[in-house]
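As written, the chain order gives the labels A, B, C and D, with residue 1 at the start of each chain.
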Amino acid sequence: MIDIQNQSDTRDIPLEKVGVRGLEYPVRVLDKANKVQHTTAKADLLVNLPRNFKGTHMSRFIEVFHKYHTNLSHKNFLAMLEEIREKLDAERSFGVLTFPFFMEKKAPVSGQPGIMSYQCTFEGSVSKEGSEYFVSVALPVTTLCPCSKAISDAGAHNQRGVVKIRIRYTAFFWIEDIIALAERCASSPVYSVLKREDEKFVTEQAYDNPRFVEDVVREVYRALRSFRADEDTPLSFFSVEAENFESIHNHNAYAYAEYRE
Amino acid sequence: MIDIQNQSDTRDIPLEKVGVRGLEYPVRVLDKANKVQHTTAKADLLVNLPRNFKGTHMSRFIEVFHKYHTNLSHKNFLAMLEEIREKLDAERSFGVLTFPFFMEKKAPVSGQPGIMSYQCTFEGSVSKEGSEYFVSVALPVTTLCPCSKAISDAGAHNQRGVVKIRIRYTAFFWIEDIIALAERCASSPVYSVLKREDEKFVTEQAYDNPRFVEDVVREVYRALRSFRADEDTPLSFFSVEAENFESIHNHNAYAYAEYRE
Amino acid sequence: MIDIQNQSDTRDIPLEKVGVRGLEYPVRVLDKANKVQHTTAKADLLVNLPRNFKGTHMSRFIEVFHKYHTNLSHKNFLAMLEEIREKLDAERSFGVLTFPFFMEKKAPVSGQPGIMSYQCTFEGSVSKEGSEYFVSVALPVTTLCPCSKAISDAGAHNQRGVVKIRIRYTAFFWIEDIIALAERCASSPVYSVLKREDEKFVTEQAYDNPRFVEDVVREVYRALRSFRADEDTPLSFFSVEAENFESIHNHNAYAYAEYRE
Amino acid sequence: MIDIQNQSDTRDIPLEKVGVRGLEYPVRVLDKANKVQHTTAKADLLVNLPRNFKGTHMSRFIEVFHKYHTNLSHKNFLAMLEEIREKLDAERSFGVLTFPFFMEKKAPVSGQPGIMSYQCTFEGSVSKEGSEYFVSVALPVTTLCPCSKAISDAGAHNQRGVVKIRIRYTAFFWIEDIIALAERCASSPVYSVLKREDEKFVTEQAYDNPRFVEDVVREVYRALRSFRADEDTPLSFFSVEAENFESIHNHNAYAYAEYRE
């Protein structure tokens, strides 16, 4: 049967990325408390395409991903990308995996357990020269406005916000540790289950810890600068963004910073 | 040229609805302050299909809508549906139009002007027996939790929420009047622009008006029951829902009620 | 500690629904091939609120759901709703659970395995008088236009479409069986992995089976009318909708039908 | 009244970006056929924040944007960013504006008019050293698979796809010209209204012009390399991506390339 994709192309235009997007699959990732976590993911899998090839072979991406989907540790994610690179005869392969990551969390006073969901992303690229790998996590938080508190006779506007952290992975770390570190940097963490004694606690905690969106980014930044991955490895690159779903506006407040060695 | 859609169908299955969805168009709607408002809409346009026809003629929906898109008053929206019904030889036609509706709003103390956006929907159906028409509007508000305020030594959790109102249209009313009525029922309205003196005002206003999601629904319900459309016409049906993007949780609090004469 | 929610309300407005929305959790559901399937879900959990109560107790919804999330068979989903009803002292409880449901599917010629994802929904309501329960599934398909084929010298426009089926559950059935039944009703099923010999097969299969969006609905309707749940129980209610992401337009074609005994 | 934002910050962490996101506004942009086009936009407006300031003044972003929203030509968009930079005392300001852009388009044989919608984005940054400005447009197209056509006895799978083009703006050009150029590079353009004679035309046109997602990117790339903005200015940077909503899969095929002088 004729292989059109394999034909040569004379337009002399190399493509940075070619592949599949939006593949939805059940996956298993590492879990600090339970060793393995079942979740569901969307995957983008890509390679570069040299100028002289007409097309890529899309089915091979799925075949390789299918082999790895039940064990997507950081290490295996890169091994999967390397296998895609080889199977597609490419110089470079890329992958993005997005999934909800779940952790049990106890209410701060009653200890009532509930499960929290955090949006995570693995992004990797692999070539003969080496690999680059980034792990991201987005976590909901409470923020209480310092300005509103300072100028008002009582109360202070507060809201749900989301903090997104993106880290260049050079040594192993647990996503759970990043989440724990960042939740301490907002006015208060958020929870799945709060009984009345817990609600009193988080309300007062937020009121006692007013934070602008700018403050949240700076506090997380400071904490990540001190963070150490396995074997005491400091982070070589990270970015932090925070977005507040302002309770007094219909638009959001936003701040972003990044760190490079 | 053969007309496959017009062929007869022997499966003996009538279809409630057939047509086009997700058509994106610029439209003009009525505006209390400026007579006409330019906005952008997504439209679904449908008819029933009797058991003996194989298919409908999709292009006719667009042709009729194209004629009307620059003047979609309530009256014209129904006239458009009636014309679709006739052009498609159907017993019944349906239409849903969703669009952001804009209003200038001044900050409560400084008077600083900004534009607010409210998601609106027109839903109509037309047959020989008559027509049904519903107008919906979704508006962002601030809600402050009465429980959190009562049990905490200071502060109270609050958040952005959204109130959705759906009204059966039997006599003319302005969307602007529904928005104004509903915004008074939350802990505070939200604004596009707030200077510091305004932020103090809305923070204190919300703190003085704690409202559960249940309270917001009941307050809007009460106000709508007293509302009068043109010529002093009371509403014969409406529903109210409120959803809070809880600042202390990653899920939302929700309440819903409906009224029928 | 004061219980504001428990206070009496004098506005005399009962609320149809009060509760939580958008709770994201890992869940386990039944799986025909593997007994149990791990997936991730969004849940809405609600009860009615009588006119004389000020508010509901939101944390109890999560507590009950947390108990059940690892075993959400049809039976347990209703048991969970009944327990919510009791814990909240309500006349009626409601629940909606939405999740991707996964099935392995082999390519039609090469037999290459891949995993397909189908959006599923459980919707239930429970009161002392009894319960109502609906199971929905959305499946992607290929549709090829009969008109385009008939009038063109070569080729025919085709596209991805989605078929949504909603069934009143009165006796046990497997979601897998509904998916298999419905995929046969389009021009062709879609697959995760297709090698070249498979691509030839599905291209020709679709060309040999042209189907309007109206045809797909009628074919699925006809198949569901003959479908039997456990103990040879026919379905008492179902609806079928199909939506084509038309390859020649930027809007979609849509059809909908429903069946009632 | 105390100005908390203006206080000094000792954490020594500069923020790359601080501001507002998701502001929804009616706007007017340039239109080749009608001089001005009314549409609706979402805006992100940001500045950098030096290490020694605690916070930014969010209301000023809205005040400046409000002044400009009725006339957002390319020139005014940058003038608006410069005014934001000054009002916020920042070194650098950033803005992203996303909106549907509408064009009338006639069916290829019948000449029937309909309106098409294209997602557009303006992205700019302004500092004392100068400015950078990018204009993006996403357009729906039809693509027909060359492999499927070559290996099948009849027919070929085809689907809606979307082409996204991002251009560094250095001299004036019309978005309309970019759209016209890119639509010619797919298997066929898509339309709002197609009568039967038009449907025959586009079906046959697509069948005669099979294009992989890779081909579409290369064809657009080639056309943009030859494109000239005002005063015969070639483009100094652009990127092209194409994504096919594959009719035979539930995931998408994707290709990306970029050009730099």
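Just so it is clear, contacts are C-beta pairs under 8 Å (C-beta built on N, C-alpha and C of every residue); 3 or more make two chains touch, one makes a residue touch a chain.
If you're wondering where the values come from, they're calculated on a predicted model, not measured in any experiment.
Looking across A-C, A-B or A-D, the interface that copies C-D in more than half of its residue contact pairs is found at A-B.
The chain with its Cα centre farthest from the Cα centre of subunit C is D. A count of contacting C-beta pairs for B-C and for B-D identifies B-C as the more extensively joined pair.
Taking each chain's centre as the mean of its C-alpha atoms, subunit B lies 26 Å from subunit C. The geometric centre of subunit B is 29 Å away from that of subunit D, both derived from CA atoms.
In subunit B, 1, 23-24, 117, 147, 151, 192, 194, 196, 200, 249-251 are the positions where the chain touches two or more neighbouring chains simultaneously. By the touch criterion stated above, subunit A contacts subunit C in their complex at residues 1, 3, 23-26, 37-40, 59, 62-63, 66, 69, 100, 102, 112-115, 117, 192-197, 200.
Those residues of subunit A whose C-beta lies close enough to touch subunit D in the complex are 1-2, 4-5, 9, 11, 13-24, 44, 46, 49, 54-56, 58, 146-147, 150-151, 212-215, 217-218, 221-222, 243, 249-258. Listing the residues of subunit C that touch subunit D in their complex gives 116-117, 140, 142, 144-145, 147-149, 151-160, 188, 190-192, 194, 196, 199-200, 202-204, 206-207, 245-251.
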